[in-house]
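We call the chains A, B and C, going by the order they appear; numbering starts again at 1 in every chain.
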Amino acid sequence: MGNCCDCVTGFFCRPKNTNVRVSLPAVCFVWQIAMIILFGVFIRYDEESDAHWVEFKREHNITSDIENDFYFRYPSFQDVHVMIFVGFGFLMTFLKRYSFGGVGFNFLIAAFGLQWALLMQGWFHSLDPATGKIYIGVESLINADFCCAGSLIAYGALLGKVSPVQLMVVTLFGVTLFAVEEYIILTLLHCRDAGGSMVIHAFGGYYGLAISWVLYRPNLHQSKRLNGSVYHSDVFAMIGTLFLWMFWPSFNSAITDHGDGQHRAAINTYLALASSVLTTVAISSMSQKTGKLDMVHIQNATLAGGVAMGTAAEFMITPYGSLIVGFCTGIISTFGYLYISLIYDCYDSHSQPFLEKYLKLQDTCGVHNLHALPGMLGGFIGAIVAAAATESVYSAEGLINVFDFEGSFANRGVGTQGGFQAAGTCVAIAFGLVGGAIVGLILRIPIWGDPADDNCYDDEVYWEVPEDEESIPPVLEYNNHMIHKHQDISESNFSVEQS
Amino acid sequence: MGNCCDCVTGFFCRPKNTNVRVSLPAVCFVWQIAMIILFGVFIRYDEESDAHWVEFKREHNITSDIENDFYFRYPSFQDVHVMIFVGFGFLMTFLKRYSFGGVGFNFLIAAFGLQWALLMQGWFHSLDPATGKIYIGVESLINADFCCAGSLIAYGALLGKVSPVQLMVVTLFGVTLFAVEEYIILTLLHCRDAGGSMVIHAFGGYYGLAISWVLYRPNLHQSKRLNGSVYHSDVFAMIGTLFLWMFWPSFNSAITDHGDGQHRAAINTYLALASSVLTTVAISSMSQKTGKLDMVHIQNATLAGGVAMGTAAEFMITPYGSLIVGFCTGIISTFGYLYISLIYDCYDSHSQPFLEKYLKLQDTCGVHNLHALPGMLGGFIGAIVAAAATESVYSAEGLINVFDFEGSFANRGVGTQGGFQAAGTCVAIAFGLVGGAIVGLILRIPIWGDPADDNCYDDEVYWEVPEDEESIPPVLEYNNHMIHKHQDISESNFSVEQS
Amino acid sequence: MGNCCDCVTGFFCRPKNTNVRVSLPAVCFVWQIAMIILFGVFIRYDEESDAHWVEFKREHNITSDIENDFYFRYPSFQDVHVMIFVGFGFLMTFLKRYSFGGVGFNFLIAAFGLQWALLMQGWFHSLDPATGKIYIGVESLINADFCCAGSLIAYGALLGKVSPVQLMVVTLFGVTLFAVEEYIILTLLHCRDAGGSMVIHAFGGYYGLAISWVLYRPNLHQSKRLNGSVYHSDVFAMIGTLFLWMFWPSFNSAITDHGDGQHRAAINTYLALASSVLTTVAISSMSQKTGKLDMVHIQNATLAGGVAMGTAAEFMITPYGSLIVGFCTGIISTFGYLYISLIYDCYDSHSQPFLEKYLKLQDTCGVHNLHALPGMLGGFIGAIVAAAATESVYSAEGLINVFDFEGSFANRGVGTQGGFQAAGTCVAIAFGLVGGAIVGLILRIPIWGDPADDNCYDDEVYWEVPEDEESIPPVLEYNNHMIHKHQDISESNFSVEQS
């Protein structure tokens, strides 16, 4: 520790350069200008958001404005939007001194990511070959929010250890990879994945874990004092948890089929989530000597049911099937937080989590347990439920609608569909792991302004942090006052002696 | 205090067993497994959420998916869902050291309650005798959330004084009683109660008060130091207040008739709530020597207008009628907080509230003033407005629609309807009081792990609470440092003397 | 400072009377009773919320209840409602000791304002001359919320410096002025301003600034210690920011045309907001020596894109046009916070902001930068986009629909429309400045109970504030304990000496 200085705030600072004054504005400006140019070239309103709608309506014999897709999907869109910005954002405020970074950087990268997602998803999914344009409507906005979610999940594994510039890079590549794997899974393999167990959660989780693995910091214990929550930061995080939990039915139903599709997806997700709350509480309580609950579990594992229903929610999984999914994933996710990857236990240093001890992988928010693992499970659950579909349960027409067995896929059987669903899950994981490893290597280039090992989880590095709680100064003052009085006594003693 | 130990945290701990390591997981697992089995036997998708919808649509000449009930009710459902989990949850974070318990146990019991509610309400209201199945859709989800609300209201009276296992019992019986009284009131008495002034608020309020009365703790003053708010916990509670306040129009309109019914219920509730804010502020300010406002009133009594409009919101109460209801209930509720039941005034011990002094009843959140009393008033307001209904105001058809005067009730007059509405209110209160007393006796069995009298309102009992605010350690360190310096001075004095 | 007393809390208190025990309840009661009477005389349900809807439907060949305007606008209404109460409310909790006042007074004045707005807007826009009644529906509720927003914006400039009674006066006149300028701009000048860049933001911003200018406090630096945030208050403010940011697409689309109008307005606003996040971050980072971000910018300037799209959102501004608007306003707004008006920098007293130094104007929340300036820009952007409209882009029918070129305005060209839009912006600003100056003079009458200069930004003045953080007492106790031990040592020294 030769080249360290003892700062007034009490930690050692390495001569690592965390100044992002040039790089962060440069990235923001260049990328935003690029977005404007590319939007100018490619993006247009679709027929339902264009002023020509009045003509379109007449031509297509649409009798009412209420048939505009806006009214089918806008309420779900707004719920998804809340999940992306308040849900993910506040879930990451749990650290005692990284709440600004948690909610603020989430805000930044989601705002960038959704623009890039509109382009990437547009090129892959809805580029009109005749005009060379991408036509966007409310469903595009939902998909763009979904696409960001992958990168925000990855942020969960990196929370506190990377610079905002690195996060912008994570998002640029994350959205790009997302659009490609989504194209492969949804279009080429013709999988169904309305709530994104595969394309969002499994991909995003493994993407973040792979990056974190490449960026492993052996001396991260130097920031241990900041890797934990305080009372109020845990309450802030519950805002994130609850908005995610409450609006997950909208997430999984946002882009499913009109009518019964959206209806069923919402019901299934609602039930799975309720079920995983109970098993999370049960396992959390069992794991402690006196049955006390751990906020980390309540904040995270309660959501596992929603993640795991991402694929199957629109299927006829049945209400009790949904409860079973939530039941199992609540247990698995909580066990994950207990043994596989969790935040440091500040008071018990030998309890290193499995992932860190054996795989040299540090996962700040435990995205492995909340997204990667339940997402993967959700993919396979979807495969099984798809393979088990029958005409009697779905009706002949219903089966075609739900699995979209049309065009070149008209003759695909449900068994085959199940196989493709499983294959899609593997594709998502592979994209996450390989893509994450490559992006991790890019992030190791020492130009991004990442924090030193003893400086992680600290908002001071990238934010102007206000002076400490207003309650402190009077206390100090009071003590000084008291102490001075003592000095007087001591000094008076002294003088007595001397006399 | 012979068998007490002086803990480091500064309070005395009784040898009361608060260990829930066996009971809490056992209850969660057993009940969740029971839910899965019962759902497997009874619960199915209804025709609007089933994949057969496409056939159903054709058979019933439904021209568009937008006619699916999902699009009529889902936005309201999501608002109600927010009220249940964020609204009720955060409203109960106001205590300085019970925020985890407030929001966390609310989460747990609501997640359990809504499953049990789907079954109980299904058996009573929508069991198909032909198939023996309950068919659920979005309206069932709203009703399940409503049904939970009764138990969450009861939790408000018990906050900080019961264990999570006891809360699960409160919810199990609460939901059961709710379904029975709801069946009697809505089906047998054929009352209208869209927003649940009677079936939710009056029932839930008196249910909680009766339980709290049976569980009276004469030595609760030993936990006085924790029965109060701190600055930030009061701000957290405002999150709950505002989401309840904003979404109450959705609550009262969520299950009213399509079209004008939902429209009118939202308008009436919006107006009543606005009005009660002003009178709450007025009374709160008048009650203090210098006109200062009390956060307890703002957090709670502002909502009384919504509670009191639960029955009448769908009627033609007129906009100014709604304002009058809000005006009066805002005053009554604030007076309730001032004189009938309120949280302890930590600094003025002789100001015991009426309920505690004369009825030996401790009501942590003052549910008497926010739910029980305004709910009862709402029931009677509904009775009066129903009795005053005329064909000229409602139109002949409108009268039949609003009061559902069909089938065996085709000949019921509005006067009779008013009488039944009043009777329904009494039934709700009776169910609450008798049911609560019985459940209270069950909860007195000493196996549930409830906290000791000097240990109430403390998250430490059931939660892993993180170390205190990060600001404290440096202060202590600083003091120790200073004190050590003094010791040096003192010791040097000593040595001078000895020399 | 002869007549000052040194209080225990450490500040000097002037003999200024901040007692509102008579005035606040009086204003609340009188105004609420007036509302009830006026509602009784004027306000009725419109045909879509009246029980006669079933007849209306038949007469107008409406085939489905889903055609009720409720289903077109209610989800947007609820989002707007959240923006008004949680968005504006929590955005103003950023001050370390004015969170109660920020969120609580916002709640009070919005609840009053919306009632008065229903009347004022009703008289100007929808009074039925035949019956002398105002008929309200969901669109009226949205407009009432919008109307309040003007006064809430003005509150932002006054935060911490005025009494609740003054705020009620600000709201009474604010809503009145709003309804008049809105009538002039929307009806007489026939401008389009769906999201209210002109009528809400430019008006509200300049209204607040003018009041603040008249109420200039030369000795406000005496409250400097409280004019700043603490860590957790900044996180609370982010709740406000994010709910405003997320729901702004609903704000700008809430009252636009059914179908493509709402759809397009939501898309445009979504894009503009995303773009302004990136440029806000860029400028914020550039402005600090080490590239650190400032929470004030993130909390506020990120919203500028939504403000600036208030007028043009429903036009065919194109997706990239929206991005450009967000790009520019994010930069301008952040520069505003840096140089024009910002909160005190507590640690650098010579960095007085431009507005305060040269115009003697104190703007607590910087509404100049977030509302006044971007609102004005939004008005002119709307003018330009309107003037540039063509039939090929809008279609002939679309052009008529979007600009409402019907009746006496059937022959107005787009160029003329652009001119009127620009004129409308000037009218809004003029109303704000002149109206605000007059209201400011009224507020200078010394009867409203406003705080002293050294007492601003302090909840203690108007709220019962709970004792400080629970963490403090044990610390003090601990210190006393330690100190007593020292006294013993000292005293024992003393006795040794004396012996």
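The rule is simple: contacts are C-beta pairs under 8 Å (C-beta built on N, C-alpha and C of every residue); 3 or more make two chains touch, one makes a residue touch a chain.
Given the structure is predicted, the values throughout are model-derived calculations rather than measurements.
Residue numbering shows that subunit B and subunit C use the same positions for less than half of their mutual interface. Simply put, subunit A must spin 120° to overlay its Cα atoms on subunit B, rounded in steps of 5. Taking each chain's centre as the average of its CA atoms, subunit B and subunit C sit 31 Å apart. Counting only residues that touch two or more partner chains, subunit A has 66, 71, 75, 97, 232, 239, 468-469, 471, 475, 479, 483, 486, 490, 493, 497.
Residues 18-25, 28-29, 31-33, 35-37, 39-40, 43-45, 48-55, 57, 64-66, 68-71, 74-75, 78, 81-82, 85-86, 89-90, 93, 97, 99-100, 103-104, 107-108, 111-112, 114-115, 136-138, 141, 164, 232, 236, 239, 449, 461-471, 474-475, 477-479, 482-483, 486, 489-490, 493, 496-497 of subunit C are the ones that touch subunit B when the two sit in their complex.
On the side of subunit B, the complex with subunit C involves touching residues 10, 66-67, 71-72, 75-76, 79, 96-97, 226, 228-232, 234-235, 238-239, 242-243, 245-247, 249-250, 258-260, 262-264, 266-267, 270-271, 273-275, 277-279, 281-283, 285-286, 288-295, 298, 302, 316, 318-320, 323-324, 327, 346, 393-395, 397-399, 401-402, 468-469, 471-472, 475-476, 479, 483, 486-487, 490, 493-494, 497.
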